[in-house]
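When the chains are written out, they are named A, B, C and D in that same order, and each has its own residue count from 1.
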Amino acid sequence: MSANPTHLAHHFADVRQQHDTATLGMWVFLVTEAMVFGGLFLAYTVYRVLYAAEFAAASAHLNVVFGGVNTIVLLSSSLTMALAVYWAQTGQQGRVPAALILTALLGTAFLVIKGFEYHGDYEDNLMPGLAFDEHAWGPHPERVKLFLVIYYIMTGVHAVHLIIGIGLISILALMARRGRFTRGYYYPVEVGGLYWHFVDVIWVFLLPLLYLAGVRN
Amino acid sequence: MAEHRSRLQIYGIVFVALIGLTAVTLLLGGVELGAWHTIVGLAIASTKATLIVLFFMHLLHSPRVTWLVAGTTLLFLAILLLMTLTDYLSRGEG
Amino acid sequence: MSTVAVATPQGESPPVTRPVNYLNVHFGVRSWLLTTDHKRIAILYLISITLMFFLGGAAITVVRLQLLTPDNNLVDADTYNKLFTMHGIIMVFFFMVPSIPAVLGNFLLPMMLGAKDLAFPKLNLLSWYIYILGGTFTLWAVLSGGVDSGWTFYTPYSSKASHTNIIPAAVGVFIVGFSSILTGLNFIVTTHMMRAPGQTWFRLPLMVWSLYATSIIFLLGTPVLAITLTLVAIERIFQVGVFDPALGGDPVLFQHMFWFYSHPAVYIMVLPAMGVVSEVVPCFSRKNIYGYKFIAFSSLGIAVLGFLVWSHHMFVAGISVYEAFLFSFLSFMVAVPSAIKVFNWTATLYKGSVAFATPMLFAFGFIGLFTIGGLTGMFLASLGTDVHVHDTYFVIAHFHFIMVGGAVMAYMGGLHFWWPKMTGRMYPEFWSRLAAMIIFVGFILTFLPQFVVGNLGMPRRYYQYAPEFQVLNVMSSAGASILAVGYVLPLVYLLWSLGYGKKAGANPWLATGLEWQTASPPPPDNFAVTPVVTEAPYQYSKEVAVVS
Amino acid sequence: MFADVPLIPEAASTHATAMDELFYFILGVCLFFSTLIAVLIVTFAVRYRRRSEAERPQPIHSSLKLELTWSLIPFVFMMVFFFWGAHLYFSWAHAPADSMEVYVVGKQWMWKMQHLGGQREINELHVPVGRPVKLTMISQDVIHSFFVPAFRVHMDVLPGRYTTLWFQPTKPGRYHLFCSQYCGTNHAKMIGEIVVLSSDDYQTWLNQGVDGGMAQAGRKLFQKLQCVTCHSADAKARAPVLEALYLSEVHLDNGKIVRADETYLRESILYPDAKIVAGYKPIMPSYKDQVDEEEILQLIAFIKALRPGQTPPRTESADPPLNPILDTKQGK
């Protein structure tokens, strides 16, 4: 392993230590991210236990086609991200920028689809405060609204993470194009990848919880 | 190089599995499973998450401390969820 | 040790050579505001939290004056509510939580490990800027009209009924949370990755164990508080239901989420304090610490068990009887590791060589007051008695014994203990011992009567009260004025010592630990040569090499 | 001045005596342990004070036996605290069946009490000595907490949900009532008194200026709101008969069975479609905006008191509604 002194910060003994430290740092950071979503999952779970019927009914009105397509888009972006890390690690630096750009584009596609979905939700009167039919939901419209509010908060917080992720990946793509990474020094790609996959993992749970809380026909 | 190709193959298999499981999730969305509806949905999601974490995030080949970090997270998420739910599920009892 | 003596810059008296240290290596505001040196960041934190401490103290001074008579009208009800809220928010989030970790921990952790810096120096600086940003928001909330929700932000009061600056205050607390998160992240990764050769887990000073345990809480608890406050803000801004029962929500869920962070936050405050005491007691007893592994694992035990007890704040909040049983039981469990620590510190004194230096006086104060604070927690953990004393001054007294009698005492002790290391100067021994005594006496007089008045039934957050509570409240206010003197005094003599204090050598206490084996103040990279650790900590029975 | 400074709270309920025993037991144990630690620290610090700078004491290594001892002894005491406390809490959480019922509405910043007999009070509650009293409480705005130090009872009063509290006063007198959950500007003024009267005095008090019981008020509301049009005594009417409904089991159209307690009755008034009784159509409108918390409690009191054959006739001319406001300044 050849130490690259320009990338080695003064307080590390060698590149290996720096790489492992950065990776562990990201894992530890993801702990906090998991707990942020943990709070949201808690609110969701408690209200779902209390208001199972309303949650099932409201959930069935969300657009599962958009939700499903977006899942596939995001999973694909995880694959391209994993490939970018793999190529960076195995010294095939020429392939890294394309993989990263593709990842960022898939992330953007997710957001665009999500935007159309929100618009559709608006047209379907599924947006409390802006467009919502109090009388279409039986005795407890406030519980339906609660579900929708949690839906927007969870997907919104997820989208914010995705936007940050797209920014990070774009920067990495730029660095990769400029030939910054080597087999010995690619931890930014690795660390960025960890973050990206985490955002994907969150979505994997959001799909059944938000879109499939009730039986669809 | 053979080892490299096999890692690419693993990524391919994982990806196909992820897409397949997503399809199963979506198909089961229309099936009446009663109480199992949510359990199955979450079990599939957990499987997918595990695949991503183990392979895409390289947990499988990570040092013990990374496993410790991941395990701690799961433990405390469980504490947060279960110990709060204890309250809601036992209200009105006793 | 082997500090490199470098000639001073031109213009000073020629024969004096001065070693390069972290303070004199660069000069100017820029060199401080853009520093990534953990020691300088610690100093930045020290200045900021001291400012916050006196702001929070000023607020509570007015509160104590208001409570001198039962129907005083020094301030009106709204102002009073804003003052105790300001006191709570500032003291909890901007003083207590960052106090020992961000000042002493930041300064010491890398040195105790034998590292040159924390793993992520830039994140460390970022955490300070985030702290300042959060502080700015909160101060803005206070200055532009105030906040009156109490530091607990209970819904639906905070999300609906209050007409004050809830949002900016909540945003401030939200932001400052990320400063804690970054500090915790840095400490955990540094402890895992940056230990010097030979520095195994069981050779770590107990301060490191306690900072590590604290960081676990930072990382697992703070994000939940952040999202909880976000939900309150969303409910308040968009008037949609999350916790509001009129909109389908459950306000008790807010309390679950809030205390999931805010109970462990108590251990954020007291665990590092325990770490300080575990350093000070062996040093001034010249003994190896008794039960090293028990103290180390009890820190981790407290960090984990601390997350399993939050509902004991909610025994009369409308939770289920079984939830209450569960949490009462677990709350007693967390007392066991605390008891283990107290007994082990006491046993360390046995057959030691006890010196009554200022840090040791503060440590004695900590052990005594923490013990009382911990034992009065029994009344709150026990369901039968909590039903009576819940939300009264008994609770106020209890947690001030833990946080002020415990954590602030230890913080003061630690500040004195490592002051020579941080500044290269000794503090004046007479004045500091006097301050330690004044703080102890003032503290007892302030908070002991509050147990009594709480048990009598005086609820917290009352700006006027029943006349029969007056005598005890006057005692409390009198104690608070003594306490104020005790806190201003160190500010004066510590500042004085910067210019006039006796020069401290590298190791004025003849203490063990890597931080004492480098110069005072330490050089920018902490050690001229990366140290190699060959033995367990606290080898006080050996002759300690005196380093000048 | 110091002569009338109390140091321990008055004990005026059965809870108070029971809790005080535990309180003083814990206090005794805590005093013992804090004294023990203080004595040890002072003794060690003085006995082993540093006499010469050259002192180098011998290291002492920890003994597992000692560590276990000082872990287990506190643990045993704590388990006693836990079980004793849990026992008290359990009895505190369950009111005796023969309790006298009082309904409490908390709002910023006052307490409103209603007795089943129709007496209404603000910031004052008259109860007889020696009888268990059960409070059913709800808040109109934010969270409050009903705290009577002399009775050692304490319970949060939540918006949107009933909580209960019971006590049995043991001696006549006037006792503080505090709101102990911070509720805004005049939190400190949300105070009142519990007046415990001897049985005779209580009877006298009961007979003063009452205009019909709480159930009576509920009955009038029942007619005024035209509830009786559908909820008649006729089992074939459009809505279920409400006679002897309270605490009975209700079969719903989704096959579930619920117990008709206060929470169910409240929900059925505010959200009639939430639980549909089997065999009926969801035609009842919500009364959410037509009744306040106090009136809901009156309707519930009426339904609770409604025995077979007591449903008011549809044709009876409805009296003008009672003036429900005692405190005209705070009128709604």
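Miscellaneous remarks
Operating definition for what follows: contacts are C-beta pairs under 8 Å (C-beta built on N, C-alpha and C of every residue); 3 or more make two chains touch, one makes a residue touch a chain.
Small disclaimer: the values here were computed from a predicted structure and weren't measured.
Between C-D and A-C, more C-beta contact pairs join the chains of C-D.
Averaging the CA coordinates per chain and comparing them to the mean over all protein CA atoms picks out C as nearest.
In whole angstrom, the spacing between the mean C-alpha positions of subunit B and subunit D is 44.
Between the Cα centres of subunit A and subunit C there is a gap of 35 Å.
Rounded to a whole number, the gap between the C-alpha centres of subunit A and subunit B is 15 angstrom.
Multi-chain contact residues of subunit D (touching two or more other chains) are listed as 90, 93. Across the assembly, subunit B contributes 65, 72-73, 76, 80, 84, 88, 94 as residues in contact with two or more other chains. Those residues of subunit C in touch with two or more other chains are numbered 192, 220, 224, 246, 252-253, 256-257, 260, 321. By the touch criterion stated above, subunit C contacts subunit A in their complex at residues 115-121, 181, 185, 188-189, 192-194, 219-224, 226-228, 230-231, 234, 238-242, 246-250, 253, 256-257, 260, 525, 530. Here subunit D touches subunit C in the complex through residues 1-2, 4-9, 15, 18-19, 22-23, 26, 29-30, 33-34, 37-38, 40-41, 44-45, 48-51, 55-62, 66-67, 70-71, 74-75, 78-79, 81-82, 84-90, 92-93, 108, 141-143, 145, 147, 149-150, 152-156, 158-161, 163, 176, 178-189, 191, going by the rule given at the top. For subunit A in complex with subunit D, the touching residues are 138-140. In the complex of the two chains, the subunit A residues touching subunit C come out as 9-11, 13, 17, 20-21, 24-25, 28-29, 31-40, 42-43, 46-47, 50-51, 128-129, 140, 142-143, 145-146, 149-150, 153, 157. On the side of subunit C, the complex with subunit D involves touching residues 77-78, 81, 148, 150, 152, 154, 156-157, 160-162, 245-246, 251-252, 285-288, 290-294, 315-318, 321, 324-325, 328-329, 332-333, 335-336, 339-340, 342-344, 346-347, 349-356, 364, 367-368, 371-372, 375-376, 378-379, 381-388, 390-392, 452, 455-457, 459-466, 468, 471-472, 539-543.
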